[in-house]
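Here it is, the structure, as C-alpha cells.
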C-alpha cells in the first residue's frame, strides 16, 4: 500500500498526476489518500501529524510525504525506513518526528533524477517513482546518510499547537495524549478545556479534549464546531495546565 | 464494490484510513466514494439521500454508511440486507428509509468487536472490517433482529426538506419526484418554483425543479447557483403547492 | 488508465457514480481524478487546461472530459482520438484545443444511447460507458465526422486568462509559457509580474510568473497566495507586455 500525505489539496491536478505515476510504476498496489491537506507549507507542524497517523499503518506501507515549500531549492530528497515503513519526501524536517520515534531507522539521500525533472513538482517527477519502486520491493538509487543528517534536534517531542482542523471542526494538537497528564486542562483560544472520554460524555455545546483515534490530544465541542466556538486555527498555541498542586502537597 | 456514504469529509484522514482497512481485508474489491459530505451529524436527512442513491447501484453492492453523531454512545452497530444490497453502519435511523422501501430485508446487530476499538472512530475500526468481510462473501459475527428493531416509524416516507446542496449550487430535496404531483409548485426560500424537464429548458437565471438523475426532486437555476439565488441551505423546509383546484372543478 | 477531467466537484455523488460505472464496465483499469474542478460550466477555459494537462499522459490514456452546461440540450456526444489518447465528452468546444494541437486526430459522434439516459447526467449514463469500452479496447457505436465538425476556429491558440486557481493560490493561465516571450511581463489584477524560474528564486511575498510543471504560464507569490495578494480569480484577463522596444532599437 502507498499512502499519500501531502499539502497538495484534493482539488487540482497534483494528487491525480502523482497517482498516474504510481499506477504506471506499481500497478496493482493500492494507493490511499491519508491527508491532502496537511498544514500547508509547514513541514514542522506536518511532521507531528504524519508521525501520529503513520504509526497506525502496517509495516510495509510506503508513505509519499510531500510538504515542500522549498521545492526547486536546496533541500535533499530523502527516503527513510522506520520500523518497517518507508517514507519518501523532502529532507526539510517533515520526517523528523517519525525518525525520532522509530526504534529502527535507516536514512537515504535519493541520488536518482528523472530525465525530465520539473522545477516545481518533485512529488510527481521524483518522489512518486521512488515510492512506487519501494512499494514493488525494487532497489532505488540512493546513498546512506548518517542518522543525524538534516535532523531537527531543536524541535520538541510533542508540539503544543493546533496542527489540523478536521471536517467537523475538531482541532487536533501535535501533542500525544499520553504525553499530557491525564488530569491536565488544555487552554486554547483563551478557553480552559477539561478532558473527557468522548464527545457524547459531554452536554451539547461543551468543549472537551480527548485522545483521538490516533493518539493525539484533540479539542472538540459536543455537537458543535470547536474551531468556530473556540476561535481556533492551525498554528494556534496550546497551554497545558496540570493540576499538580494537590499532588505536590499529598506526596 | 464497496460504496462509502459518510459525513467524514473528503479532507482529513478518515476516508483514507477506512479505505486502508478495506484494501487490507478485501483486496481487489473496488471502493467508490459516493458521498463524503452527507448531511453532517444528521442521520435523518442522510437517510433520504442514501435511499435515493443506493437504489441506483447493482445488487451485491456493500454500502459503508456512517453518519454517526452518537459514536461511542449506545446506538447499536447494524448490518441490513435490502433487496440484495448490504448496508453497514450505526443503528441510528440512517438505514430507515432504505429499510422501509425494500421488498426483502434482513436486519442484523453486529456482535463482533475488534481487539482495539477506538471510542470515536467506529467507521474505521468496526464498520469497515465488517463491510469488507461482506464484500468478500464471508460470514460476519452478528445477531438477527426483528424487523422493527430500532426503526423510525414516525419519519415520513418523503422528506420535504433540502437534504443536499451540490457543487453547482443545486438543492436536492428528500422528496422523490414521483411522490410529488407533476404540476406541483415547490416553495423554497419564499420562491414559488415550477417544474421543468431540465435546466436548459429554462431561460438563464430562472429557478426550476425537476427529477434529478436519481429520482429526487431537485431545485436549480439555469446557469446559476440555486443556493445563492434562492438563499437555500440543507435543512430548509419545502412547501408543495398542488394546483388541484382547477382539476376539482373540471372533474 | 482512465482520467477524469470534469467540473463535477469532488464532493457529491457525481464522480462516485461515474467511477462505479467505470469499475463495472472496465474492471482493473485504474481511474485517476485529474481535475474535478475544471472551470465550472466553462468549456472554453476548460479546453486550454485540458490540453495542457492531457499532453503529460501516455498514449493509450482515455480521458472522460465533462464540462457540459448544455447537458440535455443539442450538443452532440463525441469521442476524439488525438495522438493516441482518447477523449470522450460533449461536443461543445471542450476538446477544441486538444484537437487543434494534435498531429493525428480522428473525431467520432457517439451514436450509442443507454436504455436509461437521464436528462441531466450524461457523464454517468453515456460518457462513462463509452470511455470504459474504449479503455478495454472495445469498439463503440459511433459515426466518423469530418475534422471541422463542431470546431471553434475563432478561439485563440492560447488564452490570456486565468483558467485555474490551485490549492496554494497559484493562478494558472491558458497561455503556454513557450508562447510567451521569455522576457515578457504579465499584467494581472493591475500588477506587473516578471518571470522567474520558480518560487524560491524570489523573496517571500514577491509575485512572479513561471512555466509550471505542465507548460502553462502560472502566476504565484513566493510563500503567499497569488489569488489573495493580487486579487485574481478564474476568468480574469491577462495582459502580456513584451519589452521589445530595446530589441527593436538594437536590431
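A, B and C are the chain letters, set down in written order, and residue numbers restart from 1 in every chain.
Here is the rule we use: a contact is a pair of C-beta atoms (placed from the backbone, for glycine too) under 8 Å apart; a residue touches a chain by one contact, two chains touch by 3 or more.
Nothing here was measured: the structure is a model prediction, and the numbers come from that model.
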{"item": "Intersection of the contact lists for subunit A and subunit B", "value": "C"}
{"item": "Interface residue overlap between copies subunit B and subunit C, same or different (over half shared)", "value": "different"}
{"item": "Distance from subunit C to subunit B - Cα centre to Cα centre, in angstrom", "value": "32"}
{"item": "Touching two or more other chains - residues of subunit B", "value": "10"}
{"item": "Complex interface listing, subunit A residues touching subunit C", "value": "7-17, 19-20, 23-24, 27, 40-41, 69-73, 118-121, 124-125"}
{"item": "Complex interface listing, subunit C residues touching subunit A", "value": "1, 3, 10, 30, 32-37, 53, 56-58, 164, 166-168, 197-201, 210, 212-214, 223"}
